[in-house]
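Structures are listed in the sections that come next.
You will see subunit A twice below: alongside subunit B first, and alongside subunit C after that.
Let's turn to the complex of A and B:
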């Protein structure tokens, strides 16, 4: 019985593989876009302009304070009402990148604030412009502090991308959902799906931990 | 685009939204209790010396942390009936939430305990305190203090995660908002009402965490 169903589930390997590809593509694309915006967010949040920083803080809180599922629905249903038609994939990328940007923004801001104040003062005293201070002194040090969290953030993105299946995007979770309609073996189907996620996320979690330990050694 | 928000419809559905809000509240509360129980248990197993008891606890935490909640939820939702276990969707949801957050709670508690410098334990030993006295008087008071803020942080995640239960047709805040979308073809109104409900809970928990750590911060340790 087990082998009968296992064979049927494995017969769906093209769907599973396609779903896995979608999960990876969606998370990677959102990580890249989210990191680009997130770094800008972080610099503003840690920067001198208090009002700008506060306004951005409210924006970030709006997305940190609501479920990702609701955000996906908002992008998918509200933007069309404002005249912007998005495919499910585009909606997924927009929602996931935005979430990534909000979380990465806070991580980068914390990293920048963790760089000792004397570093900025020394850079200022050597006559660097604010852009040079950021590029040559502050950001390289902040980057070392935030790298483990960024890897951890990627794991969260991969897991959050499963929620996008709710608007019908064929990712790994949706693939499982489709297969379970014709092979009624929930444990085996979603065990397989879970294994797919595990094989990607588990090494990344370890990498994040290793980077964290190495970072602590470097700081001592 | 929010200028055209139909507030009359939102007010009309206020009772449904309120019911959904309350459901989310108590689903989260139940999930929190389950998660804390599982978290304490898994952490206790993970830090004790017997390997064969440690392995399952570590495996539990790793598997949960490396897979999405939605896949875990579907695993139980589609899987349990095949084992002859037929439970109401709401209970399946609470079990999934507890299992999921429990793994993160275990990690939080574990790192709280491990953050106590070894020298303090040794100091306790040399003053002649027993294991239980060292735990009760030295380790746990500090460890629990260090744990409160991240536990509240995880509770915020738990409240937001409970929205996924709407996908297995549990009626809570997200599902209640969808009523407006389905009955009246007004997705915007429903989603705005839903989002506001979650933001209330988010800000309540966030300011609780802030107030707590302002009052109880240990000198020299966040």
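Let's turn to the complex of A and C:
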């Protein structure tokens, strides 16, 4: 019985593979965009402009404090009402990048705040511009502190991407929904889907742990 | 002192931290090539005073001119900082850079030197402070005394006109103090203009042109070291010297 269904599920491998590709592509693209915006967010959040930092803080909390599914619906259903037409894929990328940017922003800001004040003073005293202080002295040290958290955040992002199946994107989760229509074995089908996510995420979790250990050594 | 020879000139500088009057009517001129030691009890404002010189600390009233630049001109501040070296009590070396990279970072990115030029200069300076064999080490692999010598080399690599030292030996174990002071004595003898906040009175005796005593944000007494140590005028100076010299 088990093997009968297992064979049938695996017979859908092209759909599973397509879903896996979508999940990976969506996550990677959103990670890149989210990281670019998130670093800018982090620099503003840790920076000297209090009002800008506070305003951004409210924006970030708004997205950290609402379910991602709701955010996806807002982007997909409500933006078109405002005249912004988005494909399901674009809507998924927008929602996911935005969420990633918010989380990465807070992580980067925490890292920057953890760099001792004396580092900024030393860089300042040597005549560096604010941009040079950030690029040459502060950000490299902040990155060392937050890299494990950033990798951990990527794992969360990959898992959060499953929510976009709700707007019809054929990702790994939606592939499961499709297969379960013809193979009435929910546990086995979604077990396979879960295994797919786990196979991507597990090496990343491992990497995060290794970086954490290395980071602790480097900070001695 | 001619106009040409003035390097640092405080006139009527006042600073407050909220209600606390941390610098009171400071007027002080440091000439080119002069070595001035600033001492005083903790909280007397001596660190604040020296941090004003390169604009790390803003002040509310008065005028401060360093190397011809008025510090109220915030836009000229960055150019001035290239000419003013600053050595911190806690070294503040960049932990993600080797000793040589610490020394060459600003010369390359701020002065615009080529990597080769900066490294040649940096190597020579690290040799000079006795760390020729430590160029590839990271700060955490160095002792406190070695870190502070790297920090001095880092400032010198910008070829500054003035060097400021904010309690450079206070964070060091006693056996490492002399290796740092020796470097500073050498620098003073080469004619570097220096302002040094320190309680190392041996250093003051050896190379200072003037010793300044501060208390409660004001300059109480200024004198050449021989007068300062043998015949201080003010009771507060005598009291302070009694506390730091009698052990």
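We take it that the second predicted complex is superposed on the first by the 220 of 220 C-alpha atoms of A that agree within 3 Å, B and C clash if a C-alpha of one lies under 4 Å from a C-alpha of the other, contacts with A are read in each partner's own complex, and residues count from 1 in each chain.
Note that a residue touches a chain if its C-beta (ideal position, glycine included) is under 8 Å from a C-beta of that chain, and two chains touch if they have at least 3 such contacts.
Just so we're clear, the structure is a prediction, and the values are computed from it rather than from any experiment.
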**Request:** Give one of first, second, both or neither to describe whether A:13 is in contact with subunit B, with subunit C, with both, or with none.
**Result:** neither
**Asked** Touching A:78, do we find subunit B (first), subunit C (second), both, or neither?
**Response** first
**Asked** Between subunit B (first) and subunit C (second), which, if any, makes contact with A:141: first, second, both or neither?
**Response** second
**Complete:** Larger residue footprint on subunit A, choosing between subunit B and subunit C, goes to B
**Request:** Using the superposition on chain A described above, determine whether A:126 touches subunit B (first), subunit C (second), both, or neither.
**Result:** second
**Request:** Could you say whether A:187 touches subunit B, subunit C, both of them, or neither, answering first, second, both or neither?
**Result:** first
**Prompt:** Which residues would you name on subunit A as touching subunit B in one complex and subunit C in the other?
**Reply:** none
**Fill in**
Seen from subunit A, its contact residues with subunit C in the complex are 116, 118-119, 121-122, 124-129, 132, 136-137, 140-141, 144, 219-220
**Message:** Applying the document's contact rule, which stretches of subunit C touch subunit A when the two form their complex?
**Reply:** 54, 56, 78-79, 81-82, 84-86, 88, 90, 92-96, 105-106, 109-110, 140, 154-155, 158
**Item:** Complex contact set, residues of subunit A against subunit B
**Value:** 61-62, 64-70, 73-74, 77-78, 81-82, 155, 158-163, 165-166, 172-173, 176-177, 180, 184-187, 189-191, 193-194, 197-198, 201-202, 205
**Fill in**
Per the touch rule, the subunit B residues reaching subunit A in their complex are 1, 62-63, 65-72, 74-83, 156, 160-164, 166-167, 174, 177, 181, 187-188, 191, 194-195, 198-199, 202-203, 206
